[in-house]
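Labels run A, B, C, D, E and F following the written order; every chain starts at residue 1.
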């Protein structure tokens, strides 16, 4: 169970409910996932984290699906089981197909492999890659 | 300098040159970057790694730019300086704008943050995220 | 289950019991946690690891609570579920309040985020930070 | 050099200058470090990141020095050279002594070691640590 | 459950069965583990990954046991529970004794510790180590 | 430069010299590398770390070369430039050939790749791998 427990909507303060309401409205869902309910013990972190996520994940120069797939790529590299599960679900909701997921994983695997080949072989950065 | 040194085209065996040629042809460039020249000391790994990269990074269900950005996301999460430099260059060549790069970094940063909040708070995976 | 199994006090050799006894005496508890029982299959590692932990975690220039919180910070960054659970418990025993835990997590999250922004943007170290 | 380059104060927009001014005012310094100058290419990320850092790093349930040491602990675990350099400098400015630094490093090293012993030995979480 | 589910032999396409057959033949077993059954949803990745693993893990300049132990070392450093479990089993099948496992873990722990001491203390690479 | 500077033999206390002498005697060399000179600012950590390294890296159930290669594997996975450089040199001194290095890197790369495929696909641990 989460370290400080989860706060359900019915037990939440007005401040926490305001964030929960915004999460549900923004995501067009009636579900608030455990991550937010765990953060709710610290309303300042709950609000700041949600405001950041809302701003960052909104479609802009990159579309929502691309952003969710990047989130999955980072979470898989970091071995964060919770984040892999929740953002894979989010990516699918945003339209990710099985074929896209499979290609995403292939790139994530390859990047993790070549990252270590580059460091292990102590490869120097090419001059032309120095921006 | 790379652990086993770099092999330049002029010093390369026929086997290695065949891979270099394919890299240049596939990428429409006359440049082979240090990563491959370092791997060339082990022709089996050079060939296998290149064949994998060629297959994985080819446009498919995901386009080439998206794949390069995922590569940058993983490399930044892993702190691989060589890979960040080389794949940022590759992503730009594939069309990444400054605005896309900035959004990519914002997502990478946020994902790395929330990965640790999720693990640190010991948040349990929601039933609905169990695929 | 642990790879080599756990060794309970009643089944332990004299050498292992001596370490268990010292753990319980030092920590003012009658409980030896699974980590030590798993290491006990290799008495040399058990002893060396415990002696190191005892020396390092003793209050000195930093107090015991600060040290436990640093342990949690590292464990959350590394996604080590066992260590997050056991050292969060230890930090609480050392007096960590919910408010301190929440601030700890906020710093850990932020540091993980800015680590990747710094590497991803390829920021050069300021001359004044070169010690 | 930073991927998108650095923006100096003299070349900065009003929006960016406002953040730079707040950084210098909050930190009681006339220096803005490269991290912020690199982020300045994306004013939204610059502002959001700074506002988060300012909120998170302000003394609260944990004092400023403890927070800076946690930042160093995470950065060392992640091998982020820039962040190690900049936050070690910040921790010193906040009063960290050489003895405190040495103990901090000892804890960080030990935590990284025991994290892998716990995972490598596949140690199960003790019931009493399940919060 | 695996994101895209597992494909059992009886439900597998001819292409997937050919890989499963080669896995069982190469490993002298009638068992295909979940990793491959999960990848089977993407036959190209299944085949490429298996061909790479088969080539890389075959005895050569390093024997099979050493290779499996290196796999465990990396997996423990990365906190990959699945890989620790499966490659510990594989290393044992290749002859790893309990004493070898214990020494392997000791080295992995120490390396993870000193990696952070080296980075945290910002130690410069000795000239003689620059290859 | 190292955070607290390096301590040369000529400037070292008797306590530090005793460790330096033991390092040189054990390793049959007249060279003490920067890692130890950086730790020397904290003699307790210097001594404890050296005693641990000496105990762990001594040939036992695993030979010295295998242990050095495992060290390189972990360091490459963690992107620790100092440790990759120093332990690659140590492995070579212990007899590692170029062919062995190349196979080592291939395994390290593959393990890092499959670690992320396993976590990204959310593969459940096979019952038979539960020790």
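For the reader, a short list of remarks on this structure follows.
One rule holds for everything that comes next: a contact is a pair of C-beta atoms (placed from the backbone, for glycine too) under 8 Å apart; a residue touches a chain by one contact, two chains touch by 3 or more.
It should be emphasised that the depicted structure is a prediction, and the values quoted were computed from it without experimental measurement.
More inter-chain C-beta contacts link the pair E-F than the other of E-F and B-E. Where chain B touches chain C, over half of the residue numbers in use are shared by the two copies, so each contributes mostly the same positions. Placing every chain at the mean of its C-alpha atoms, the farthest one from chain A is found to be F.
Chain centres here are Cα means. That of chain A falls 27 Å from that of chain C.
Note on chain placement: the centre of chain A and the centre of chain D lie 21 Å apart, centres being C-alpha means. The residues of chain D that reach two or more other chains are 1-4, 44-45, 49, 52, 56, 77-81, 85, 88, 99, 102, 104-106, 108-110, 112-117, 119-122, 130-131, listed in rising order. Within the complex formed with chain B, the chain A residues making contact are 1-4, 31, 33-35, 38-39, 45, 49, 52-53, 56-57, 60-62, 66-67, 69-71, 73-75, 77-78, 80-83, 85-89, 97, 99-100, 102-104, 106-108, 110-126, 128-131.
Within the complex, the chain C residues that touch chain A are 79, 88, 98-99, 101-102, 105-106, 109, 122.
Per the touch definition, chain B reaches chain E in the complex via residues 1-5, 44, 48, 52, 55-56, 130-131.
Contact residues on chain F toward chain D in their complex (touch as defined above): 3-4, 41-42, 44-45, 49, 78-80, 131.
Across the interface of their complex, chain E is touched by residues 72, 76-77, 79, 81, 84-85, 88, 104-105, 108-110, 112-117, 119-122 of chain D.
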